[in-house]
């Protein structure tokens, strides 16, 4: 394990990107390049040697590869004492346990694994969970481009579950609804008791609205995402945070409180 | 038939209200009172004599009574040569034919019957029908208080049908939608092929959004109604128009072009 | 001081209302009446004796009176060992210090003074302050009925200041803005460096939108208030909380975390 | 003049693009290629010969070049009997007169010149002008990326003027506004008496909302544009329409009624 990896406080953090030729990886390279406090020192993809990352002195690796490749990459990073920020999907509870196990032997190394690097989306979910217990009614309206295969979106389902948990903890029963005469589907899908409506239209990208209501007032939290570059501020935040966060961190939520 | 009913151009129009103690009728009385160009000369309700209206020299009657009473009222108005604006519900095709028949004997008398006096709602429906053929995608999201019994609302259903007609005339097929994995209801109800989502929450009153989308852009038409006073501008418009519109007019649409 | 005021955990809380014939006070009476866990035991207004409240065994007083009357009322409540929830305006720092001073002699008594009992509005401001440091851009758009005298609204000004503080703490500079050619006023008012736009239109009630933006995404927090009944859930929350909150609490924020 | 240019009804329309390597021109090439009823037969740019367009048998030319080049191009198209759709800017009244003059000698040739090919934006402006006379209040809120130099946007200014004309024709006075205490700029810019607010934030692209209000209701027309591809449906509509529209047509409005 190389002590040098911890760097000096005001030196740029040296960053290597795995999956650098993929769509997300390429954006990460551009985003790192555009900062003053991070240095892109290695950009590797399939066929390249991982050792290039260590040779370049990377202190943090960002991994946007594939579920097949990511575990080997992570094992190697932890062994090398290189912190890792991971956006690759496919992390089961078993995989997370495996990463924790590896990290237990390397107490100084940090790994951040996040299913969604959109800071706006993460804040929306946090705010929704927090507001939930103050409003008798809540519904979710998500809006996406018409090429999307699932309805509702994963983010909407995740939000609905977080809201349902908060309502249950607060002892709230079902939201009021006198509907007697419904054309099938009009009232949306029910996810843990929360109604979710999925709109699909050309021209849309990825949008979600959480509508809370109580006597005489409503509170709406809306997130609009137009581009995969919207994930870059979250990736950069994770790169800056992971060097101060030994062990495994799952999700951006905790990092948002780091400042 | 009294010639005097036609009045002079710059004299206030004398107005009588039937159902004057009901919620809508009372609002109409207040609204007429609040204008400079209309005079409230009679306010009658169940138990009062209709003749009071004629005695007061009313030139226009506004009827917000009940389906049981309205046909007798209308018959009497037409006989008296008094123009009528009707917001009472329950008008079947047969009833409309009956009114046309009565009016054929009184060529100078006008009757306006409208299911919705909200100018904003009527414009929303007109704009939606007009925009329909330029966008490959369209969905309707209506939002109401949770005491509402039907989902979707009558206005949403009516709007969906108008859009479906316009799409058919333009030769548009179904809107694109790749959904394969749907939690039942997520994609809303289908009204003549148009997806409609009904949101119910405490704090809401009556709202509707029509979302059109095509490559790279969306157009949204939204109507928010907070109060039954929102129908009053439409009622006043009808009162001012009916004196220049002999025969039967159904719906506010035509009046909106009178200016 | 009457020990009995602390009651038993599952007995209804006995509530007295001061200013009970005013618009807000009357709503509070109705709201308390509509609950299972609160009992309206006294409703007094100008000309009535305060002692009626004590005679009725009120454990909590709600005060929506006037700046002239409120300090005497509060002094009396604290002396009697009755908790107080205060929506009356006009509390300067000096007045708050006076209340704290009175309370120091009565360690078991709680007083909650809040400038805004709208839970949705309070959450909006909390969320806005929390989101502020994650977005390079932020603007506020408030929308009110056209009879409003001030622009922007007090809530918008308060929100802008809270956002400005959070941005300063996070070391954020001014939001990006390349505007060179501006029709005067187009870019809104500047409150501590945050742009605020005030829309005035018939049909509106009281609405506010806080729009945050960063690369490729926006987050919007919107509050719509339709009616003064929207303040009642906040008043009821304060009544239930004050019995467990000795000392002075200013603003609803702290109560929102009580659960 | 080549008679063959008029083609047969069910043959694809042969299209040439001038300025084909510019950003808009390249999009037009892609858009034409993506249709069944249009054939891209020539794509020329600076340095290429215009004659390539005629040689390829183009029946319609689309011009997204520069104010310097466009008049020569148009002159040549009209001479050749080739219809033209023009998105190039810089058309003064004098230039339009010149084009009309050329066309008077070629009665079968059509030219469409439009400052904005976004169908959604054009419909928004049409609907706004139509709704204007039914609402006592109206304000415009436009929202753009922070690199924009002018505030408000040209589209907002154009919309405000159209609304002001419609209000004047309907005899409407100023919108109600009791504001007495205004932080400078809070109430926006005044364009012909219509208040316009310009929001600038990272993450935004190009958005505009027109808010109409009257007693108890509001009507909102909103346009969101995410991408220059949003202009393509308007360009394709113009290509299909121009072959049936001899003479000069300015703006998309008229074409929207062609079907």
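Going in written order, the chains are labelled A, B, C and D, and every chain counts its residues from 1.
We adopt the following convention: a contact is a pair of C-beta atoms (placed from the backbone, for glycine too) under 8 Å apart; a residue touches a chain by one contact, two chains touch by 3 or more.
Here the structure is a predicted model, which is why all the values come from computation and not from measurement.
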Every chain in contact with both subunit C and subunit D is listed here as A, B
Two candidates, A-B and B-C; the one with more touching C-beta pairs is A-B
Quick one: compare the interface residues of subunit B with those of subunit D and tell me same or different, with half as the dividing line. same
For subunit C, which other chain has the most distant CA centre? D
From the mean C-alpha coordinate of subunit B to that of subunit D, what's the distance rounded to whole Å? 34
Geometric centre distance via CA averages, subunit B-subunit A, whole Å: 48
Between subunit B and subunit C, what distance separates the C-alpha centroids? Give it in angstrom. 40
Shared interface positions of subunit C, touching two or more other chains: 135, 203, 212, 214-218, 224, 226, 230
Looking at which chains touch, is this a line, ring, star, complete or other? complete
Subunit C partner, complex, touching residues on subunit D are 135-139, 141, 143, 146-152, 157, 175-191, 195-204, 211-218
Within the complex, subunit B is touched by subunit C residues 203, 205, 224, 226, 230
Mind pulling up the subunit B residues that touch subunit D in the complex? 118-121, 123-124, 127, 130-131, 133-135, 170, 212, 214-233, 256, 259
